[in-house]
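In the two complexes below, chain A is the common chain; its partner is chain B in one and chain C in the other.
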Partner chain A sequence: MNHTDGTFIDVLQFLILGIQRGSIYAMVAMGFNMIYNATGIINFAQGEFVVLGGLMMVTLTMAFNLSIVFSFILTVLFVIVVGILMERLTINPVKHPTVLRLIIITIAVSIIIKGVAMCFWGKGSHYMRHFSGTAPLEFFGATILPQTLWIFAILFFVVIAYIIFFNYTMTGKCMRACAINRDAARLAGINDRKMVMLSFALSAGIGAIAGIIITPIIQMDYARGAMLGLKGFGAAVLGGLGNSMGAVVAGVLLGVLEALGAGYISSHYMDAIALVILLFVLFIRPSGILGSSEAMRLKEF
Partner chain B sequence: MKGKNSAGFFALVISIIAIPFIITNDYYIGVLVFAAFNCLACIGLCLLMGYAGQISIGHGAFVAIGAYTSGILTSKLAWSPWLAMLCGVLIVIVVAFSLGIPALRLKGHYLAMATLGFASIVHIVAVAAVDLTGGPSGIVNIPRLDLFGYVLNSDTQYYYFSWSVVALAVFIAFNLVNSRVGRGLQAIHGSEDAASSLGINITSYKVQIFILSAVFSSISGSLYAYYMNYIDPGPFGVMHSVLLVTMVAVGGLHNIWGALIGAIALSLLPEFLSFLSDYLQVLGIHYQPDYDTLVYGSILLIIMLFLPEGIFDGLASTLRGSKSFYGKLAGRRTGRVQ
Partner chain C sequence: MKKRILILSMAITILLAFSTPYVFAEPADYHVGCVFAVTGSASWLGEPERNTAEMIAKEINAAGGINGHKLVLHIEDTQGDNTRAVNAVKKLIKKDNVCAIIGPSRSGTSMAVLPVIAESHIPLISCAGAEVIVTPVEERKWVFKVPQKDSDAVKRIYDDMAAKGIKDIAIITGTTGFGAAGRDQLKEIAAEYKINIVADETYGPADTDMTAQLLKIKNAGAKALVNWSIVPAQSIVPQNMQQLKMTIPLYQSHGFGNIKYAEAAGEAGNGIIFPGGRLLAVDTVPEDNPQKKVLVSYKEDYEKNFHEPVSTFGGHAYDSLWILVNALKKVGDDPAKLRDEIENTHFVGTAGVFNFSPTDHCGLNKDAFEMLMVKDGKFVVLKD
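Right, the complex of A and B next:
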């Protein structure tokens, strides 16, 4: 009897850990989708936005001792500016874009951001205080950190904001129109260039939020971007690229699978689990398990 | 090979022979040996990216597989280095085949991410499979390579050997590019549908060139292991794959010479920067090797924004442009009608 209880608590604990990780992947995936919908580009610097958000937050809260709320807003604004600069300086000026060139450009930006982060924050990982204490709460026998609850709540808030923005505001509707058919949107008087810039801004902002909320738990360092980006992309593909609600579900699912794999198979190969899933989805069903294959037939893989 | 390319090849061979007479410092010869390894991997990658138009951010993984196969078989099972290298090539052929068949159906961003994911998995295995790879502490006591029973002990000997391999690879690559296969690959790069309607089996061509480029990388990894006598997962991270793509892109995607120039330039860049840092010190700027990443990224970005065809084609077209400009001037002066 005791044994089954233990198993249940273990599973519950892994689920909590999994959803916590998955929330971050979901937000990275949403960032990928915003830029992909506006431009057809996969932004290889997406993971770097997350790192930048985390590290900036560490500096503002730990070195400058600013309040969490104030630092949070400043950090998100800072990363949004980085996202806008990236679009204005590296994507907008490209006159004859080819896929290969755009891929390499976003890779170059990711290397630059990584280099700058290394120069400013060094190679070590950074501790940041939790939003509201570290005393764990009891949840059906499993423990849950207050920070984890913050992560769940902020993911929920981001998803709600996303739905409101894209369904009930004019700007959001314009962005959706651009994603569906750019030429038609332009004919309807939408400034598509501005929408591209906005998509980079929002994508950077959402990446920053993901970095800020996970840093107290994983202790951010400059080199984490590539792995966060890859796993976030895994979530985006699993949910059907371009489909942000699919990405949220897929991100959480990926996090849970990863946590269960780490718990029951091997923790050394934990990072490989999400990547193996990514490869399998790409090879077997690149439209994603949650994306409709009808709509996906129109897209190029 | 014909015309300009054979002249270029001749110049390459001459410079390979001449350089050790000019540069006698063992350290710099060692740097050039590393440049040779990168050249070898980049020639393969250039065939795949520039000619067939398929991106791979995963070739560092094939370098790693070559290096680890060589390292494990020679140090733990006492195989001959040549046999171990061959075994590495065979393993890479199998891996590249099984990865290439599903992956090369994907295009652009998807292919890039799939290969990046693969590179990441290989690195994770290299760190985690401690029994096989030695984990983070790596493998020691890898023997040096011998040539007809003659062990390549000095840096200069290894330099000549590795650059001969590069010259051979360049020769193979040019012959391939100017063959039916090469033209088929360029047709695929132009338009897959058009190529396929002309009777080119695009899947088979793409997979074959993927395997060939992976084999070049594998040999480069094996040679690296024999030169260092020690390997650990450090240099085989995702960043190495990205660096290989950077080298090819900076030099010029559509030209084997471009790939060579890019590989040599970026392999020597850290040395150049540390050399430069002495002068910057005088100006009050304290340059540290930590800034190298930033410099790499900036070079890549600037090249992609302003010289998207790479240094080689960029310079070539600038030269051509200035030639025709001066030609026009000269023509005007002598009153000739253009």
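Right, the complex of A and C next:
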């Protein structure tokens, strides 16, 4: 094998690794955006949804020995219920919902979920079997895990479902209407409170999916939420807050930058490299890669 | 008159009430501080340590205490964090008036509390691995440690490599205190064994994917890899290696001594070689080994009480607390006397046979390690 081939394979390997990391950031960022669009707040419990998804899946598949498909569905439903409960019990009853108040509530909820998860699942790292084996596949000389293919496929499916839901269904269109102008949407007869609840349910669902598919590769413990949330938040900002397609592009980009940074500069500064690039983008384009600067000026936060 | 009698009788009652403890005084309690990373990313160290310490204290107090003195443990959680560790140690010394401290669990936190210990003259028995905690011994008058030495672990690994004729190796280490100390030792001792380190990579404590670093190692042409850390990354490295189809042997540090790590690594963990204490492979330790009795009894007690497999780290708490209790038995709870007593201790523990001396505050040598191998999610003694 000559040198150029080796370099090519390395780059390919880093790209695969980066897209795999990035897919998770992208899904977390999509979750952020859904709630942001419906309420104008950042839900800091987003990372916790990912953790709950991962841990629940571990329990169902490893302790109860249920099939992957069945546990997948059960886990997503479980986390959706958690998301709905969170909205009904903590966001909905607030009398004068200001952005700051609601954000602080989400921080409180994230701490509570983390604590409860610690009591139920303990402090150790949990691992689960891969969906379809761990034998790596060859891909132009680089290696790729079957689980990574699952991650790519599921991200693709989530994005397609997202587009169909928000562009071609009545409920999706109603949610978009609320996002654009809540008062006008209410005047048009849309139940905006219900839409907020729905946004929490959907974003919890996406979080759970992200947690389920990444756990076989990175393992899961109760304290992972903050870091996942931070990276996902970075991706959401980079892509333009509220713009979910931007979030997908930015999430994948962030993952790739991290992987290349770790591979070619230093694994020590991996997180810093990604965040420094994020800062630069925000200096140059404060509205994010795909965000519109005009829309941003109209937003409260 | 009646009033006066009443007041008088009240005064007598009060006096009696306050004086009772002095009249029927029990021996004062012995207060011992424990500083463990019970929660946080190093909870796999701190939790078994706390469990073990509580189990031993219960056992001692149930048997009437130490020469009649009740043993009171003050357990503090550092969450593996340096600032918290320093605060915990200060609190134990100033507020709880402890006569000695066992812990902290991690090398980083142990190093962080050294200045406090040095000025307050309270003996500390650390449960962390790095050798710098007790060297140079002139500056570490009040500090002891019970885990085996890093340098001995490195020597056992290099011995094994030398026997197999491996010369070019790669190292990958965590950026924690334990990882950094191990990295220095690996590099320093390599020359002695004529081993050539062709790649030197690191990763952060919360990292979950080392594929990028391993790819560099693969390209560097190493014939074996040593991973040195305590975090769950220890079970992710073999999985990433499997993904990259790397077949070179993987050596890990004595930080791998928790069966959960081997279970988490799954199939990819098969064949990992590491130096470990005999506690991990009690069943395969020969009957005539001086440690056998201690190992069997601790393992049985721990597993009966906590329904989880015993780990090296709980063993460190066992060793440090018993060394301290034995010293308390002999000289009472004067910190200076305790220190002198610990310095001359001979003790058969879970980590090995300790021989402390004024020049050696670890007391173990490289025979304390056994080379172990992972086989189907279990640890077995590696036969030559």
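Note that in this section the second predicted complex is superposed on the first by the 284 of 301 C-alpha atoms of A that agree within 3 Å, B and C clash if a C-alpha of one lies under 4 Å from a C-alpha of the other, contacts with A are read in each partner's own complex, and residues count from 1 in each chain.
The rule is short, and it goes like this: a contact is a pair of C-beta atoms (placed from the backbone, for glycine too) under 8 Å apart; a residue touches a chain by one contact, two chains touch by 3 or more.
Everything quoted here is computed from the prediction, not taken from an experiment.
Novice: Tell me which partner touches more residues of chain A in the superposed arrangement, chain B or chain C.
Specialist: Looking at chain A, the partner in contact with more of its residues is B.
Novice: On the A-aligned overlay, A:Gly263 touches which partner chain: chain B = first, chain C = second, or both, or neither?
Specialist: Only chain C; A:Gly263 stays clear of chain B.
Novice: Using the touch definition from the top, say if A:Tyr25 reaches chain B (first), chain C (second), both or neither.
Specialist: Touch partners of A:Tyr25: none, neither chain B nor chain C.
Novice: Just checking: does A:Gln219 make contact with chain B only, chain C only, both, or neither of them? Give me first, second, both or neither.
Specialist: In the superposition, A:Gln219 touches chain C alone.
Novice: Have a look at where A:Met227 lands relative to chain B and chain C in the superposition and call it first, second, both or neither.
Specialist: In the superposed model, A:Met227 contacts both chain B and chain C.
Novice: In the overlay, answer first, second, both or neither for which of chain B and chain C A:Gly124 touches.
Specialist: It touches chain C, and chain B stays clear.
Novice: First (chain B), second (chain C), both or neither: which does A:Asp271 touch?
Specialist: Touch status of A:Asp271: both partners.
Novice: Just checking: does A:Thr134 make contact with chain B only, chain C only, both, or neither of them? Give me first, second, both or neither.
Specialist: After superposition on chain A, A:Thr134 lies in contact with chain C alone.
Novice: If you stack the two complexes on chain A, which partner ends up touching A:Val116: first (chain B), second (chain C), both, or neither?
Specialist: first
Novice: Name the contact category of A:Phe14: first (chain B only), second (chain C only), both, or neither.
Specialist: second
Novice: Show me the chain A residues, by the header's touch rule, that chain B contacts in one structure and chain C contacts in the other.
Specialist: 118, 123, 227, 268, 271
Novice: Can you name the residues of chain C that touch chain A in the complex?
Specialist: Spelled out, the residues of chain C in touch with chain A are 39-41, 43-44, 47, 175, 201-204, 206-213, 215-216, 219, 232, 235-236, 239, 242-245, 260, 263-264, 266-268.
Novice: Can you list the residues on chain A that touch chain B in the complex?
Specialist: 41-42, 44, 90, 93-94, 96, 98-101, 103-105, 107-116, 118-119, 123, 226-227, 230, 233-234, 237, 266, 268-269, 271-272, 275-276, 278-279, 282-284, 286, 300-301
Novice: Within their complex, state which residues of chain B touch chain A.
Specialist: Residues 49, 53, 55, 57, 102-103, 105-110, 112-114, 116-118, 120-121, 124-125, 127-128, 238-239, 242, 245-246, 249, 253, 290-298, 300-301, 304-305, 308.
Novice: What part of chain A is in contact with chain C in the complex they form?
Specialist: Going through chain A, the ones touching chain C are 6, 10, 13-14, 17, 21, 118, 123-125, 127, 129, 134, 136, 143, 145, 217-219, 221, 223, 227, 259, 262-263, 267-268, 270-271.
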